[in-house]
Structures are given as structure tokens and as C-alpha cells.
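Given below, in the form of C-alpha cells, are the structures.
Common to both upcoming complexes is chain A, partnered first by chain B, then by chain C.
Up next is the complex of A and B:
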């Protein structure tokens, strides 16, 4: 009789400990063991908690390793990105970047990554692309998507697959280089008709910050039209053209080259932001895993201590019952 | 303005400026001395897959690659 009361006491000991635990997932995984205890097992099984601790520890190892990989990749790609900025700056000085230009056919080039686990960079660029698409489509205007990377494709397929013109993936199998991106740009130029290309990518600022950015590349006809109407591009007529080429040809060459350069920079910036974002995402997830592990260890130790105490009380009271 | 009428020969052949400049760049790379030549040539590898979309459906992707698939 006394033993049964003590046993109940022990159970009451353990139960508040369990339910006081803040982690919901933890509680749910521990519930079966509590039921087991009710069925007549004397001490609470700690097997579940131990298994969970092991899996959390393994996940933490993986995320730590991924963070390391991202950090080393980031270092390699960051210098390249910073160097590539020099490619588009002269073009912006010459042809300008006119995000507000109003044209009939817009092509939104969404740059994203192929792999996930890199925070919100892909969804931000998809969001910006959707907004641009909405802004540039209307009764007389049409907008199309060209999607780079698996992740933006997966997100855009859901609601605007009718507007996707081209999609390109597996960009980062080899380290990014200009030849590759220019072949890519060439494919885009050949396969879509556009008056303005709007590139959406994440510009790399630092490891923890990146800005969703758009860059606009105009077709030569639009450049000419804008130059004639004055404004920012009005200075274009001041340039003298050497050689046998006409202004139209020069502008076409320039527009094509500008697109490949801007795309090169965009792809690099995005890859760089991806690695940065992955680094911080993996950092926070390994920190979370650590916190979870701490909580689990606490719960595990408390339960163990409680069952030891119960057993001790049982033994001592049993002994005292015999002697007394 | 001597040859106003004719477009450049490479554009007549259906190339864009990008293709043309890439070809020229490759020529220059081939003129480098070893070992810099192989270095420069291996650096510029092309690999990606393109698929065109018709009526909201992707067509079979084509892979543009220098390196043969293993």
C-alpha cells in the first residue's frame, strides 16, 4: 500500500517536470513514454529523449559543416563579385539605368539559386519580379519571365507559368565565369523579344545584408528613342562614332554587350548573396540546435534524477518498514 | 562612313555581338603561352541547361555544356 502511494508520488514528481517543458515538439515526443509509465513501468523511459538528443546533435553537425562550406565558397566568390562591378558601371554611366522607362515588351529576368537552405533570398527576388511583372503588364503592354535557377522557377510555376518564356538551371556546376554567362545572355537575347530587360537579383552588401535590386537593359531602339526625347540619355548624341558603323549598329552592339555584362554581375552578386545568406541561415540553425540540445539535456537529466530519487525513496522506505 | 549598307560580316552570319566577342576572346586565350593557356581555357567552362516554355509547360531542357556528361 505504502509502495503504491510512493509510486504514485514518484509519478507526480515527474509529470509536472514534463509538462513544464517549453518545447512543444519535445513534449509530444515524450508523451508516449509517460503513458508507458502509467502502464506499470516503474521509471520513465529516457530512450526517446536520448534518441532525440542524438538526432539533434547530428543535425547540428551537418548545419555547422554547411556553414563552413558556405563561408569558404563565399570568400572565393566575393572577390570575383566585387571585381565584376567594374563591368557594368561604365555602361550605367553611358546608357543609364532607367527603371521607370515605359515600354511595350518587358522581360523580367529573375536570378535565383539552384539550391535551397539559404534564407529568403529567392523569395525576395521572386516577390520583386512579380511586382515588376504586374507593373509592366497591362492592356497594351506585356511582360514575360526568364527564370534563372531552380528555386525561382518552382515559385513562379505556381501562379504565373503562362508568362514564363525561358528557364535556365545548373548555372553553378562550374565556377561562374564570363564565357558561360555571356552564352547564357546570348540565348536569352536570341529567344525572347524585348524592349526592356529587367534583371532582378540580390545585390551583395555584406555577409548578412543583401538588397533586392533591379537593373534595366534597354533594346537599341528604345535607347535611341529615349536619346531623341532627351532626358538622361540625351547626352548620347554628343559622342562621336568612329569607323564604318552607324549609330544603330553601335547601339545594338552596346546593348548586347551591356546585357551580358550586367547579367554577369547579377549572377555573381546573387551567388554571393546566396552563400552569405546560407552562411547566416546555417549559423542560426546550428545555434537553434544547440539551444534545443540544452533544453533536451536539462529535461533528460531532470527525469533521470527524478527516477533515481524515486528509487532511493522506495528502497529507504522499504528498509525502514522492515526494521520499524 | 564607307560601308554604310553592309552589316558586319558576323551579324550577317547570325551572330550577336556577344558570340562574336566571345570568339575573339577565345582566340586571344589560345594565343597565350603554356601553362597560362590551359589555365585560361579551363577557367572558362560553360555548363547550364535551358528549357523553353510553351503555354505554361516547360519543354525538354537542352544542356549547353563544354564538358561531356559523366
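Up next is the complex of A and C:
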């Protein structure tokens, strides 16, 4: 602050000398009010452009930092996701996957992120959930939502508020682990009646590609019904049930275990996709900021050179008027 | 049957694919879903389903296979994937069960206990927490557990201590919830002890 005041004072002394000395390079760092008083209105635009450049440069730094952070988080969570991919495969090998099963009560479980700036993955999940809801609503069928994550909740609350049974946020406050997800699955299973659960999430393929996926978990009654009616689950009856309890109880435990395993994988895959999408969004944002900065630099130089040229012309014409 | 055929022909090019019952059933389910989706929601691409991400399993062979293919999966890793072994002994809820190639298809619920995998160069023993085991007709065994540790990583002294602690908690438990938790602790620790000793 003191330096700026001193500089200002110094310039006030230098101004009478400046009109005689056109090569004074301190001009461009004068305050706008000073410049306006001495040189006229045209130099204010350099200050405005400079302010814009500074803010764009700061934004570029921030988005670059966010990209680095997302890249490191992605590395950490990607290994865990790949390790958990084996978890749901035995269930699908046994029970198959019946996305077209006809049931009375469907619950659409949407997995999304809490934080934004991650591209379009949350909107895609919400669009697919809405479509599944529409597909499964009819005269005798009904569909409800269970929402995990702040972003999908914000979008779904707008038009389907009465269909949302349960919503949970802040899943990633602590690093994701199976215990937490199984407690979550237990919560959902206890509080929501369902015949079929459809999980909607983004499966992580690579840093730039995420596939919206839906996994179906059936309740034990529907499994029995499908097994009896033949079709895909027809050979389920061939399986002997080993266990101290009855077949119904074993199937119930199986359905609950399947849901917690599939949900664990879904949450991990979605977190991976979120970090990947954020990385690419922040990367394109920094690139955009860089281009904007280039354009602003050109504009700034043009304005600066134009004001210097007009200054020179005035001085020279003034000098020649005096002499000639 | 005919409708399945026509939908398959329309939706994918005619490829001569080795016919496995799993793959045929899978594509039929997916096609019905995709068709229903496209008729109600024309603008959006249908989402993928887990079957498209999985390798199809081979069908039941006609002769008895010599080896059992085991997958042991945990939430944090796949311990074995498609490993060929001679025999597996799993801790089902009603006792230890031995699985040989050609075992009848079974769904077994597991309790905390010892899992031993017998292969040519020895026996590997793991202590598993609860889970499920599926044995399929084609001599594939899937064991899904929440935790599986090799027993040489377990310390018998702390297992004894844990058992004593939980037995004491069980006797002093007042509510049903506390009693259930203490009972679980007692079960697990006594299983660990018997696994380490036996």
C-alpha cells in the first residue's frame, strides 16, 4: 500500500516531464484515474483487459489444479474398482440378468456424485432413471426412486418428489468400503418394498469413456416365480440348497447379499467415472481458458500500442506546431 | 421361438456363433429389454447390463472334467479367478462340505470357518467370514465371501483372548442386540480357534 502511494507521488512529479519525454515506459502502470486525467479516456480499456486477463489466468490455474487432484484420486480408486469387479459376476452367472422382467413394484436406485463440475454423468444417470421409471409404470405397476448422491437428488426432486422413497448423500466422506455400503444396502432393503431393484450407475471403461449401466436385483419371491415359470431362471430349481434353513430363507439371504455386492461395485464404478469425467471437464476448461487468454493478450497489446501511437502523434504534431 | 429368432436376426448380423445356452438366454433377455426401451424412449441409448460385461460360462460338459474351476471373490480383490484345483472344502452352515469335480449344482450359505483348497502342490487354507458358494453343473465353483485370510496370518493368542472377551460379553448382555452381537463374536472366534488348531 505504501509502495503504491509512493509510486503515485513519484508519478505526479514525473507528469510534467512525461509530455516532453515520450519514451517513458512507466505510463502503463498508472492508475486509471491518473491516466484519465493526463491522457484521456482511451487508456482505461487496457486496465479492463488486464483485469480480465488476471481473472482468466487464475481460473486456468484452479482448473489445472483440480485436474491434477482428480487424476490422483482416480488412480487411487481405479485399482479398488477393478478388484471389486469379480464380486458381482458369480451372481450374474447363477441368476442371470433380467432387465425386462415384469414386476409390480420396481425401485430405481440411482447412484450419483455429491460434487459438481464432473461433466454430464449425473444428468445421464438421471435421464436413464427417469426412462426406467417410465418403462416400469403402468396400470398395475409402480416405480419408486432411491437416490444416492446430492446431484441426482437435486434433479429428481424437481419433478418426481413424491416418488422418492429414500435419499442419501455424503457417501464419499470416508473412503468407500464394503462395511459402509452393506449398512446402506441394509437400510434400503429394510425401508423399501420392492419386487425388483434396478441400479443405475456409470460403469468406468476408461478415462474418457463411461457407460451408463443398469443392474437388476430381484426379490426372492420374484426369483421363485421366474424359476417356476421356466425361462432364464428355469435351471435354478436344479440347484440343491445346502443350509440349515429353508429354501426361502437362503434365497432371501442370497438376494440381500447380491444387492450389497452389486451396490458396492456400482458405487465404486460411479466414483471412478466421476473422477474421470472431472479430469476431462477440467482439462477442457483449462484449455478454453488458455485460448481466451491468448485472445485477450492480443487485444491488450493492440490497445496498448494504439494508445502509445496516438500519444506519439500528439506530441510530435504539438512539437512541430511550436517549431514550424 | 420364432420371435426370438427374428429379433436376433434384426438386431445383430448373422454370425455363426457356437451355441451356448447361457449366451442365447442372455441375448434374448437383453433384446426384450432393448426393444421395450426403444419403443417407449426413442431418443436415448439403452443402458448396458452386466451380462454384456461378463464372459459367458461354458456349458456343462458331457464327460466328467478332471479339475474343478474355482473363483474366490472378495469385495477388495479376486483371490482366485478360474483356478483349476482338485478339491475344495467349504464351511457351509451345516458343516464342512467337500466339492469335487462333477458335484451336483448347489447353492450353499457359508458360515465363518476354514476353507481349504487342494491342488497338486499342496493345500491352501483360508479363514473365511460368511458368504455364499455356488457350484454349477459345469464344475465351476464360485465362492463369494466378505473376508478371506490365509490362516498363517492369524494369531492364535489374540483369537483366544477375543473368544474369552466375547464369551464374557455374551453372559453380561442385556438387550437382544447386544446378545446377538456377542453371539456373533463368540461364533467367529471359536471358528478361528478350531481352524487354527484343527
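Note that in this section the second predicted complex is superposed on the first by the 279 of 324 C-alpha atoms of A that agree within 3 Å, B and C clash if a C-alpha of one lies under 4 Å from a C-alpha of the other, contacts with A are read in each partner's own complex, and residues count from 1 in each chain.
What we mean here is this: a contact is a pair of C-beta atoms (placed from the backbone, for glycine too) under 8 Å apart; a residue touches a chain by one contact, two chains touch by 3 or more.
Worth saying up front: this structure is predicted, and the values here are computed from it rather than measured.
S.K.: Going by the touch definition up top, name the partner, chain B or chain C, that contacts more of chain A.
M.R.: The partner making contact with more of chain A's residues is C.
S.K.: I'd like to know which partner A:190 touches here: chain B for first, chain C for second, both or neither.
M.R.: First partner only, chain B.
S.K.: Given the touch rule stated above, what does A:89 touch, chain B (first), chain C (second), both, or neither?
M.R.: So A:89 only meets chain C here.
S.K.: Identify the partner contact of A:213: answer first if only chain B is touched, second if only chain C is, both if each is, neither if none is.
M.R.: second
S.K.: Examine A:99 and indicate which partner it touches, taking first as chain B and second as chain C; both and neither are also allowed.
M.R.: In the superposition, A:99 contacts chain C only.
S.K.: Kindly classify A:162 by the partners it touches after superposition: chain B alone (first), chain C alone (second), both, or neither?
M.R.: It touches chain B, and chain C stays clear.
S.K.: So in the superposed three-chain picture, is A:300 touching just chain B, just chain C, both, or none of them (first/second/both/neither)?
M.R.: In the superposition, A:300 contacts neither chain B nor chain C.
S.K.: Mind working out whether A:253 is in touch with chain B, chain C, both or neither, as first, second, both or neither?
M.R.: After superposition on chain A, A:253 lies in contact with both partners, chain B and chain C.
S.K.: Which residues would you name on chain A as touching chain B in one complex and chain C in the other?
M.R.: In the superposed arrangement, which is not itself an observed complex, chain A uses residues 178, 244-245, 253, 257 for both chain B and chain C.
S.K.: Could you pull out which chain B residues touch chain A in their complex?
M.R.: Touch residues, chain B against chain A: 1-4, 7-8, 11, 16-19, 21-22, 25-26, 43-53, 55-58, 61, 63-64, 67.
S.K.: Flag every residue of chain A that touches chain C in the complex, lowest number first.
M.R.: 80, 83-94, 96-100, 127-128, 131, 134-135, 178, 200, 203, 211-216, 231-232, 235, 238-245, 250, 253-254, 257, 261-262, 264
S.K.: Provide the residue numbers of chain C that touch chain A in the complex, in ascending order.
M.R.: Interface residues on chain C, with respect to chain A: 25-26, 28-30, 32-33, 36-37, 40-41, 44-45, 47-51, 53-54, 57, 71, 73-78, 81, 92-94, 97, 104-109, 131-132, 134, 136-137, 140, 142, 144, 146.
S.K.: Which of the residues in chain A end up touching chain B in this complex?
M.R.: Residues 161-162, 164-171, 173-175, 177-180, 182-187, 189-191, 244-246, 249, 252-253, 256-257, 259-260 of chain A touch chain B in their complex.
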